[in-house]
Amino acid sequence: MGKIMLSTQDTAIIPREWYNVVPDLPKQLPPPVDRDEKNSSIQLLNQILPKTILKQEFTFQRYTKIPEEVQEIYAQIGRPTPLFRAHGLEKALDYHGKILIKYEGATITGSHKINTAIPQAFYARDEGSTGVVTETGAGQWGTATTVAASLAGITSKIFMVKVSFNQKPLRKEIMELYGGEIVPSPSMETEFGRQLLAKVPEHPGTLGIAISEAVEYALEHDLKYMLGSVFNSVLTHQSVIGLESEKQLEILGEEPDVMIGCVGGGSNFGGFVFPLMKKFKETKIFASTASEVPKFTKGEYKYDYVDTAKTLPSIKMYTLGSDFVPEKIYAGGLRYHGAAPSISMLVNSGRIKSSDVTEDQVIDALKLFARTQGIVAAPESGHAIATAIEYVKANRDSKETILVNVSGHGLLDMSIFQR
Amino acid sequence: MGKIMLSTQDTAIIPREWYNVVPDLPKQLPPPVDRDEKNSSIQLLNQILPKTILKQEFTFQRYTKIPEEVQEIYAQIGRPTPLFRAHGLEKALDYHGKILIKYEGATITGSHKINTAIPQAFYARDEGSTGVVTETGAGQWGTATTVAASLAGITSKIFMVKVSFNQKPLRKEIMELYGGEIVPSPSMETEFGRQLLAKVPEHPGTLGIAISEAVEYALEHDLKYMLGSVFNSVLTHQSVIGLESEKQLEILGEEPDVMIGCVGGGSNFGGFVFPLMKKFKETKIFASTASEVPKFTKGEYKYDYVDTAKTLPSIKMYTLGSDFVPEKIYAGGLRYHGAAPSISMLVNSGRIKSSDVTEDQVIDALKLFARTQGIVAAPESGHAIATAIEYVKANRDSKETILVNVSGHGLLDMSIFQR
Amino acid sequence: MAFLTCQFSRGEILLKPLILYFTADYPSTEILKSFLEAVDPDVVKYVEIGIPESNPLYDGPTIKATHSLALKNYKPNHLAEYTGILGRKGIPAFALSYYEKFNKLGSGYATFLKDAGFSGVIIPDLLTDYSEESDRIIPEIEEIFSFIPFFNPATPDGLINAVSSLTGSWIYYGLQPSTGIDIPFDLEEVSRRILDLLPGREINFGFGIRTTGQIGEILSLGSSGVAIGSLLVQYLNDKDLEGFRKFQESVKEVCASAE
Amino acid sequence: MAFLTCQFSRGEILLKPLILYFTADYPSTEILKSFLEAVDPDVVKYVEIGIPESNPLYDGPTIKATHSLALKNYKPNHLAEYTGILGRKGIPAFALSYYEKFNKLGSGYATFLKDAGFSGVIIPDLLTDYSEESDRIIPEIEEIFSFIPFFNPATPDGLINAVSSLTGSWIYYGLQPSTGIDIPFDLEEVSRRILDLLPGREINFGFGIRTTGQIGEILSLGSSGVAIGSLLVQYLNDKDLEGFRKFQESVKEVCASAE
C-alpha cells in the first residue's frame, strides 16, 4: 500500500514541549497595553486567568514543557491528528503536485480548540479553581471548554450568544452532555447582562457582551476565564499542530512549498504555521479569511481592543475595528475583527500573504473536499481548502507540495448547506 | 507519558485480508434460503449484487485479500481507528481492572458502516456499474454509502424512510454534500412506491418499504444494491475492526477477558468479536441490545425473512419476526428485528451472552462516557458502553480487562438528549 | 492443465466421473425408470435418488419444484425398482433424504433404505440444523450402510474433520449452499479447501454445475467426480431421453479430449 | 543562593546595583529635585529620567499617570538641573524618551539630551514599533552618546543580537512587557535567557520589581543591576523623602546581609 496516510497515530509524535514563535519573530512583538488609566485590563487578566497562563502569555520562552497529564489527555482526545495526502482532491483538480492535509477535525471535539482548552482547564484546576467560564458564539470553543473542564474534573459555565443559542440547539445539547452549564447571553446572571436586558429585553446578544458577562462572572465567583484565541499563549498551545506536522513530514520525507490555514483569531493558523516556518524558511504562507471579514486586506495594523466590550487589553493587530459588525456568515469562527499580534506582524511584513475567499467558493470547496476525501470540513476550514484550490488552479504546473491545515469538521454546522 | 492511547495510527496495522468466521464456527452456518418457489430471492441477489460480493457471501474462505485500492481508502477514511484505554471511565467507576475502547467513531463518516460501504461500492464500479442504491433509516448507512460511491467515482441513490427524512434534515444534508441523491420513501420513483402512495398518500415509510424500493430501483436501472448489515459478506468486511484490535492489543501486550459490542444487524459486533474470538478463546462475550428490541432474549432462533418486504432471502437467525414493529427508540440502528446468522448461532450455543439495556441506562452511559472520555458516542454504541458499565458494577473486584467496541459517534444524533 | 482424468484408477478401482441426481417418482415413476434405464455405466459412477419432501429447504428452486410434484406420485416401494435397474448396471444408488425422516423413524429408516437397495444415504440438513445429533446418528447409520457426509463451503473446518472421521465413505461437497442457483464462486479456491482438508479421500462435487466445460474444470482440479441434478430436470420434463443420452456422451468426450 | 553581590567589581569598575527611574517634573520640579538630592551614591548606579509624553504606551498605569501630570509642569530646560544634581554625586543620568521625538527632531534630539547632561538614551518603543528605523538611528545616536538597548522577554533573539552589537553600552532588560503590573513570571527562566544570549555584557533588569527581596533575587541570578520605577511613585506622591531614604538603606541591607 502506498503512503497515503502520512501520519502514524503514534503517541511518540505528540510533542512534549509547546513552541512559542515570539523569540523567533523578525521584530519585537508589541505587547498588550491598557487604554484605560483607571482600570487596568492587564491587571484584570491577572485576576481571571490561571497564573501559568499569564506567565505563558507574557514571558516568552521558546519552548514550554507540556505537563505530563496534558500530554496524556492529548492522546486521549485524538492526538496526534492525521496528516494525509489528499489523492482524491489532487485527482479532481488534475494537480500533479502534492496536497497534504493536517486534519484537526479528528480530535474528539472536532476542532483544534481542544488543544488549548485542555491546558487552560488543567492549570485552573491545579491552581485550585473549582470551575472555568467562557463565552461562545458558534459553539466550537464552548464545546472544547466543557470537555476540557469535565476531563479536569471541574465545572464549566458558557455564556452563549443568545441568537446562536436559539439557532443551534445541538450545540447547547452537546455542551450540556459534556457537563457544561450553558446560559444564553445577555443573561440575568451578571450585572452587565441585567442592565442590558432592562434596557433591551429581547437583546439577541453579541460575542462582546458574552465576553463581558463571562469575565464578570469569573471575577464574581472566583472562577477562571478561558481564552479561545488571539492571545499568544493560545497560539503556543496550538503549536502542537505544527510540531506534530513537522515530525509527520519527516517520517514521510516531504517538505512543504506552500502552507495554508484559515484565520479567525489566528490560533489554528499560528499553531500550525509557526513551528513549520522555523524549519521550512522558504515556504509560501497563505492566511485564508472570509471576504466578508477582510481583516488583512481592508483592516488596519494598529492597537485595538481584543473584544467589543473593551474589557480585555488592546493589542497591536490587523483589525476592522473592535466594533466591526460582520455579515452573518456561516463560518462563525472567522467573524472576529482582528488577528493575533504575531500573525498580524508577519502579514504586515509580507512574510504571510492573505487570501479572502467568498462564501460560494467555500461551499464549492467543502463539497469537493467531501466528495473526493470523504471529509465534511468545518466552514472555517473550508476557507483554507478554497484558498488551496485557488492556488492550485493558478499554479497548475508548479508541482509544489501544498500543506493545508483543516482545523475542524463541520458535522455540527451542516445547516449552512440548507440554502 | 503512559500508554493511554494503545493504538498507533500506523497504516501497517490496517489488515491486508478480511477474516470470515464461517470456517471456524463450531457448527455449519445455515445458508440463506428461498421461501418462494417462483421468485428466487437468492437469484435476485445475483442480479443486484456485485459478483464479488455474492462470491464472498456464499463461498466461505477464511481469509480474503482486501484489494489494494480498498486498503488505501481504508487509510484515507481514518483506519486504523484508535484503541485506547478509558482511564477516565475507569476512574469514574472506581474500577481497578482495565477498560479498553476500540473506537469506530473515528472514521470520517463516524461509524463502522464505511468499512463495508467502500468495498461494495468499489466492486460495483469494477464490475462496470455506474451507481449504487440502498435504503437508510437513521442515516448512518446512507451516509457511508454516499461517501463510498463518491470515492469510487460512481453515483449513489438513497431511499430514506420518509419519517426520518423529515425528522433528520441534517442527514439528508450530509448525504447530498457527499454527492448522493436522497429520496424520501415511499416515493414515486418505483412501482412499489407509487402503488403505496396511491393507497396511502401520507405514508410515513418503513425500512422494509425502503429496501423494496431500493431493490426495485437497482433492478430497473441496472445499478448495484448495497448491503448494510446482517449478511455474512458485510461481517467479513467489518472484520477489519477485530483484526486491527488484535494487532493493537499485541502492541500493548493486553489480552481481553471480556468483549462487548452492540448488535443491530450484527455487523459491527461480528466484525469486532470474531477475529478476536479466534485468538482469545476464553473471553466472555456480550452482545448488547435494546430492551425495546430484545431479539436474543425474546426472539426465536429460526429461519425468517431478512426484510419486512420479504424481498431478500430467509436466513436462520434470532428474530422477533420480520413484521416486528419496534418502539421508536433513538438508537435507530438497533431496531432491526434479527441478527446475523453467525452471531445468532453463537448466541444459541451459549458462546455469546446477550444483554438488554434500557434507554435510561444508555443515556446515563453516554453522559458518563462524554464527561470522562470526551467522546459523544452513538446511541447504538451507548448500549455497549452501558453493558460494560453494568458488567463493571457487577464485577467490581474482578480486575478483568474489558474491551468495548464503540461503533460510532453520535454527533448527528444529539437530538435524543432533547427530552 | 495439471491433470484431467475421467476414468482413472486409484489402487485397483476404476473410477468414473459422473454422479446423477433424480428425485424419486419425478416426473412420474415410468419416465424416471426409462431415464435410469438410459444411464450409461461407462461414465456414471453413482446415482442419487432424492426422497420427496414437502420442504426441501436446501434445494434450489428447480429441484424444489420436482419435490412438490414427486410427492404426489411417491410410493416407498418404488425405490427398490429404481435401485434394481441401477444394480443391474453395477451402479451403486444413494438415497438423499432430509433429517426429519430419521427423526421420526430413527435408524430403522436407514434399514428401510438399505433394504430398498441403497448403498448409503446423504442427509443434506443434518450438519446444518441437527449437528448436535450427528455424533449419535452417524455411527448408527454406519452400522447399516454408508453415511455420505455432505459438506459445503460453509461447513466449518472442525466439523469437516470430525464428521469425515466417523465414516470411510466418499464425500459429497456442494459447491454452493443451495443447488440450482448461479452464485458466482471461485472454483479453484473452493476446491482447494476441501482437497487440502481431506487428502486421499474420494470427494465428489455437486451443486450448481451447469455445463460440461465446468465438469472438465472440476475434475482437473482434483475432484473424484461431479454430481449433476438441476441440469437433468429439463430432459425429464421434456421426456428427452435422447438429449439425456447425448449429455452423457458429451461428458465422455470432455474426458476423452483431455486425456 | 549561588552568588549575591551588590557591589562587585568587573575588571576595574566598582558596580552598584540600583537604577532609579523618575518622570521629569513629577510631581513637581521642586519635589523631584529634593528626591534627586536624596539619592544615595553608595547604592545607586544610574538614574533614568523619563521625558513626559502624552501617550507613554509601554508604561504601566502607575508611570502612565505620572506622565500626564508631568506634562503640565514639563520644561526642557529643567532637565539640566536634574542631571546637574546627579552629576555632582557622580551618578550618570539616562533619558527615557519615546521615539516620536526622534522622529520629529532626528538626531538633533540626541544632541539636545546630551547637552542637557544625559549620558545616553533609552527609547522604549523603538524596537517594538519602529524597528525598521533602528539600523539607521542607533548608529546616529551612538555618535553622540550612548544608546541603551531596551529589551524584554518578547524581544526576538535575532533582534537582541543585532541591536546589542550596534552599541557597547549597558542593556536595559524589562522583565515584563509593561511596567507596574504584576504579571507572574519565572524570574530564573527570564533572566537566564538574556544572560545566555549576551554573555559578558552589563545587563540591568527592570519592570515590575516590587520588593527588596526581589532585588536580591534578581542580583543573585547574575544581573548587574535593578531598575526601580513604580515603587518610587508613592514616595513622590507623599513627598516622603524619609521613606525614600529608608528604601535605599534597605537595598543596601539586602546586599550586605547576603554578602
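Here the chain labels run A, B, C and D in written order, and each chain numbers its own residues starting at 1.
Following the convention adopted for this analysis, contacts are C-beta pairs under 8 Å (C-beta built on N, C-alpha and C of every residue); 3 or more make two chains touch, one makes a residue touch a chain.
Note that the coordinates shown come from a computational prediction; the quantities given were computed from them, not determined experimentally.
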Centre distance in Å when chain A and chain C are each reduced to the mean of their C-alpha atoms: 71
Length of the line joining the C-alpha centres of chain A and chain D, rounded to whole Å: 38
Whole-Å separation of chain centres (CA-atom averages), chain C against chain D: 106
Junction residues of chain B - those touching two or more other chains: none
Sequence positions of chain C contacting 2 or more other chains: none
Overall pattern in which the protein chains touch one another (line/ring/star/complete/other): line
Pairwise chain contacts, counting only pairs that touch as defined: A-B, A-D, B-C
Parts of chain B lying in touch with chain C, wherever the complex brings them together: 22-34, 37-38, 40, 42-43, 46, 51-52, 54-55, 57-61, 303, 316
Residue ranges of chain B touching chain A (in the complex, touch as defined): 1-5, 7-11, 14, 68, 71-72, 75-78, 80, 82, 84, 87-88, 106, 108-110, 114, 147, 150-151, 169-170, 173-174, 176-179, 366-367, 370-376, 411-412, 414-415, 417-418
Sites on chain D touched by chain A in the complex: 57-58, 60-61, 64-65, 68, 127-129, 131, 152-159, 176-178, 181-186, 189-190, 193
